[in-house]
Amino acid sequence: MKRVYAREEVCMACTLCEVHCLVQHSRSRDLVKAFKRERPRPLKRLRVEERGPLSFAFQCRHCPEPDCVYACVTGALTKGEDGVVLVQEDKCIGCWTCIMACPYGSIERDLAQGVASKCDLCPGEEIPACVKNCPNDALVFAEEGELAWLSTTT
Amino acid sequence: MEELQRIANPFGDDKAMDACGLFGAMHLKGETFSGRDIIIAMANMCDRGNGLGGGYAAYGIYPDYAELYAFHLMFEHRRAKEATEAFLEEHFRIAEQGEIPHRPVPGVTDPPLLWRYFAEPRPGTAAPDDFVVERVMDINTRIDGAFVFSSGKNMGVFKGVGHCHDIGNFFCLEDYEGYLWTAHSRFPTNTQGWWGGAHPFCILDWTVVHNGEISSYGINRRFLEMHGYYCTMQTDTEVVAYAVDLLVRRHHLPVELAAKVMAAPLWTQIERMEPEEKKLYTVLRQAYASLLMNGPFTIIVANRDEMIGLGDRVRLRPLVAGVKGDTLYLSSEEAAIRLIEPGLERAWIPKGGEPIIGRLADARVSGQGAALLDQAQGQ
Amino acid sequence: MAFYDYLIVGNSVAAVGAVEAIREVDRSGSLAIVGEEPHPAYSRPAISYLLTGEKTPEQLAYRDPDFYRRMAVELLAPRRAAAVDPARRRVTLEDGACLDYGKLLLATGGRRVTPPIAGADRPGVFGFISIADVAALKEHIERHQARRAVVVGGGLIGLQAAEALLRIGLTVTVVELMDRLLALNLDRRASATVEELFRSHGVELFLGAAAKEFRPRPGEERVGAVALAGGEELPCDLVVLAAGVAPRAELAREAGIRVVKGIAVDQHLATSAPDVYAAGDVAEAYDFLEERARPIPIWPNAYHEGRTAGLNMAGRERSYRGETAMNALHFFGTPAISVGQYDPPQEGYEVRELAGEGFYRRLVFKGEVLVGLVCVGDAVDRCGVATGCIRDRIPLSEEFKEKLLADFRFLSLPEEWRRRRIRGEA
Amino acid sequence: MKSYVLPEFWVDRDDYRCIRCGVCVNQCSYDTHYYDPEDDVVRAREERCTGCQRCAVFCPTNALTIRTHPYEYRPNANWRKENIRDLNRQADTGGVVLTGMGNDKPLRIYWDHLVLNASQVTNPSIDPLREPMELDTFLGAKPDQVDVTCGRVQGSLPPQIHLSTPIMFSAMSYGAVSYQAQLSMMRAAGEYGTLANTGEGGWRRELRVYGASTIVQVASGRFGVDRSYLNEAAMVEIKIGQGAKPGIGGHLPGEKVTPPVAETRMIPVGTDALSPAPQHDIYSIEDLSMLIYALKEATHYEKPVAVKISAVHNAAAIASGIVRAGADVVVLDGIRGGTGAAPKIIRDNVGIPIELALAAVDQRLREEGIRSRASVVVAGGFRNSGDVIKAIALGADAVYIGTPALVAIGCTVCQKCYTGKCPWGITAADPRLGKRINPDIATQRLVNLLRGWSFEIKEMLGGMGINAIESLRGNRLHLRGVGLAEWELEVLGVKGAGR
């Protein structure tokens, strides 16, 4: 399945992926409203890590064998036919077992709603918002087999 | 020089722009024929000109003076004639001279003085051809009101302001017998008719008639200037003539290759050639880039041995070739050939950039389409 | 007489894991589950939400309502297995039905440990591990207008019950044998945090205290007080007894299958009997940290075991990767997570801690490898990154130990591992 | 010491639109923006702003407008803002006022006073979408005459470099520009079939796969020059001068000489990289000739050797000397040529416009009959394909573009290259900033630039009825001047429009 991969050699830590992820997961889908009006404030589903010249954005891998799904005590986390790992918020009880289990650290606590929050690959969008809005192509939406070029430095 | 430019080009244009009708006929074995048919053919293409210029080049017309340079001159006034004759006397031995025969024709008015001289450089002159070229340049640029419009041996150029067939009649060309004729009718858009500005253009026994407007004129001219050619007439024809002279006479390129300099194959075509050929054309294009003739043109270039027809590489102006027996015809319009030679064996339209060459030496036509012709003739 | 290619005894998470795995490999083989509860598989760790009324039993369903049909599973429930005959590949149910199987999975789970306390069977004393337990408790509270509860057992289940009871308005006292809460789940410092939480919410804690007897209310059978070994008597309207669980391995034992504490299994989750597998709380699966098999009665492990068993049963060979102890707890909105050897049993471990307001993190290293962690409060965020370090035995230099302690980020991982993680090569 | 320099730019932030996302904060390499958590507001330290517009471009809500600061001194035609600001900067530091990019003074831009011809009626224009249109250009010395015997070329031409379009990327050294910027230009040059120039900062080993599209420079510092450097490139260029700073050398401060820069330049880490004002082995034209032939020897006469000079008053005579000294290509860099760092006073005041230099050089070489012996390449201030085609018509074989290439990959000509903090990652030494150029994107943008300009040139050529660029090269009849004095028309060798 296609996943979002980071190319750290061209990520400039602008965090626009985070901004647009948040907006994509807001009710209004409007930048200003999503950030300034909506309560509870929508959450971004990926994070940018940065230290010195090194930076990259990261989100759920939608693992073939998802530890989070296997660990989920209520069945709120599911891996669909399309491979996308989703949280059913009405089933989630906020026990954070998934956070404990996910080796990618890709599930965040939505404290306002008390449920897990994670990348859903932007259902309905051909390309996830983070990838679409990355100004430097530092995020790519690709099949695993297309990864060879990810590490290119020249 | 300044004066001449002003006369040739009273509006100070960069260069003359004109559309034209061309015609050429050559007997490949050197048998001569009268200019009558040529005049008829040009009359048939009368619409290609506008009455502001016409002219002919005829080869083989002065067999009695075959070893002498035949200078055709026009003078605006007597003073010019006197000055020129003094100049000629100084540098040449004049064997014969006289007014060029002509008769009144309604469409031809205000002719200049038209005079011809059969002459040779004074004994001891090295490189007589170069000497002649330089002296012709001297007359054309330094003597006010004088202009040499023909300077080859056993050939002559006849030209003036008027429709081409009127000019032919004016000069009584039916009375001349030549083996190679070219003709030109002119449709200038920007210059007043001036006798010297009519075609053909001639230097030594090279003549050029030309239909077209060479967009590369500016750089062709600057390149030729680097090689000592001073273009005084702002005509493409002049530039073509000098280019041919440089390439063939001075740089010893075969005429076929000179044609390939002026109408160079595309780089994509060169790319597909065999290595040796590819190298040849690559080097020619690189070295003679400034002699590529760009824009629409058809030219007929002639000398005592050859008649060459060439169109630009994307074939923006017409050229038809035809053959009957040992006679090669080149024309802007096929109808003009058929008019004078109803029994034409074959007529074809050469590809752009591919020269058609009639050659006296081997009595053959070569060039694109000619191979088929050989076959046909062989059968 | 019925035959199933796959028969599963038990209908909880291990069974679901097995079913999903079997169906990944074999869409058509016949499959049946024998479940003793009337419900479809449900989220046992969430039953306290039933008590508080935040969830209905239907909402506790572990999978969607269509699950059994979708998976082509015949759910035989409520029915109970009485015996297994590995030689004849047959399971006999209590109602006399005989089910023959191609492959059998024993996923019978655990049962509540009942300590030797007098009056433990008295009305008003409840367990807290099933929907039935909660239903009975709830009914008792309503019928008797119960106001005071004593929870015996300061472990995970006991404290979940305690918080839920408190939230529905009861006064709650917790009695714990050990000198701290959650002794099996957290280190001492984290326990103290949890104790403080409970105390601050008005829960009285008796630590290091043993319940000696559940005494009746005057004139009634039902419980009225808990007497402690120290002499105190705690009056109450009900008792929740949560003293731990033990594997329900009787079926296996009686069938001659090898049982230690739980059912012994190999790396394929196969038992000593041919074509009989075991998974979940009843099994003794491999602990990769302890490097030995032992029952670890936690939900995620049960799923992994069930899944591994299911794949092997369906013919796709898969070795159990090994799990270890890990717990995600949350009380009064404060989360706490522990993984692995967070309380090192002997010398040779290195402990690093970082604490702040509402934040506590403890990492335990053995040499260069992380072997345990405890996180409380906001420190839990992304702690799976550290769990991954434990599982993958990522060697961490001094630099990265400090980075990891400060922040569970990929930037806290050595470059090679960071790149592998980004590429999704877990 | 209190600085008297007032901010140049004004940061206008629409608070309604500002969502406090922090993108401006993280994108400004000068730390202009900062978030104040106490008031939950993003503020600006305007004195740091260079007007590069990075924040404005990246702000997702378009909340930012960066405009010229409205402060005013008393109006004075002589003492303008810039004069006072420069003077204050100088009084602050006691140093030379530095700047980056090309001359920004309103010197006459002759391109804007030259207009092109097009065919009407007498000569059909050509549609490049449907008919062949050749921009192929060859750099290198051409013979005056080709010797063909028996249909074969005798001997061979001096080395020729083929360009698919007469546009090359100027010399920009690694260190002055980021690795990513240089990589992108070399890749784009390779993809489009033209050349990029390394500048004098050496040539990184991993970039040598682009050798066929690389010009290496031999400048006064001789950084990174060795046998393989010369031989792995397509062409060698001796740099005598640069349009932005004629007569002076270069200076890359030690702090920018990072380990990779040091390795590439073959100098110790952290030492100042000094390019002397002259080449100390060239004090005369015969010395230049010796270096030209030394380089030809080193490259087995297989590479054209170019000589680049600043366009100065006697450029025509110097160019003639360079051609006679054996150079295959003469490069002229005009007064509007760019730079990574130059003393502002020199950039703004020394040299002559490239149009005049080009016209004079081309004419002079023709008059001397040696125009074919060397190609003429011009640089300095080209802004669009119109400028390029006019240069070709004036007589250039090809042009170098620097600033347009940088603008294509983000440069906003803020002129702060010399700080090494280019927020667009172009002239940045900091690896954090260099990453802002994704070489894949930048390469594509540069290729797009070359493609777009080339197509425009084809359209204009077609309009003139020309289908091969050599027919326009030096063809000044297709140019006319507008608003120029007689002497200017004469130098340019063009007529006034209408004539």
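Things worth noting here:
Order of writing sets the chain letters: A, B, C and D. Residues in each chain are counted from 1.
Note that in this section a residue touches a chain if its C-beta (ideal position, glycine included) is under 8 Å from a C-beta of that chain, and two chains touch if they have at least 3 such contacts.
The structure presented is a predicted model; accordingly, all values stated were derived computationally and were not measured.
Think of the whole protein's Cα atoms as having one middle point; the chain whose own Cα middle lies nearest to it is D. For the pairs A-D and A-C, the count of C-beta pairs in contact is higher at A-C. Look at where the CA atoms of chain A average out and do the same for chain D: the two points lie 43 Å apart.
Per-chain CA centroids place chain B at a distance of 106 Å from chain C. In terms of their C-alpha centroids, the spacing between chain C and chain D amounts to 70 Å. Averaging Cα coordinates per chain places chain A and chain C 29 Å apart.
By the definition given earlier, chain contacts exist for A-C, A-D, B-D.
Of all residues in chain B, those touching chain D in their complex are 12, 14-15, 17-19, 189, 213, 215-219, 222-223, 225-227, 250-254, 257, 264, 266-268, 276, 279-280, 283-290, 292-296, 313-314, 316.
Touching chain D in their complex are the following residues of chain A: 7, 9-16, 18-20, 31-32, 34-36, 52-53, 55, 133, 135-138, 154. Contact residues of chain D toward chain B in the complex are 119, 121-124, 126, 131-132, 134, 136, 138, 140, 142-148, 151-153, 156-157, 160, 366, 369, 371-372, 464-468, 470-478, 495, 499. In the complex of the two chains, the chain D residues touching chain A come out as 16-17, 19-23, 26-27, 58, 60-61, 183, 206-207, 209, 425, 430-432, 435-441.
In the complex of the two chains, the chain C residues touching chain A come out as 13, 17, 43-46, 49, 59-64, 299-300, 303-304, 307, 326-328, 330, 335, 337, 339, 380-385, 387-388, 391-392, 408-411, 419, 421-424, 426.
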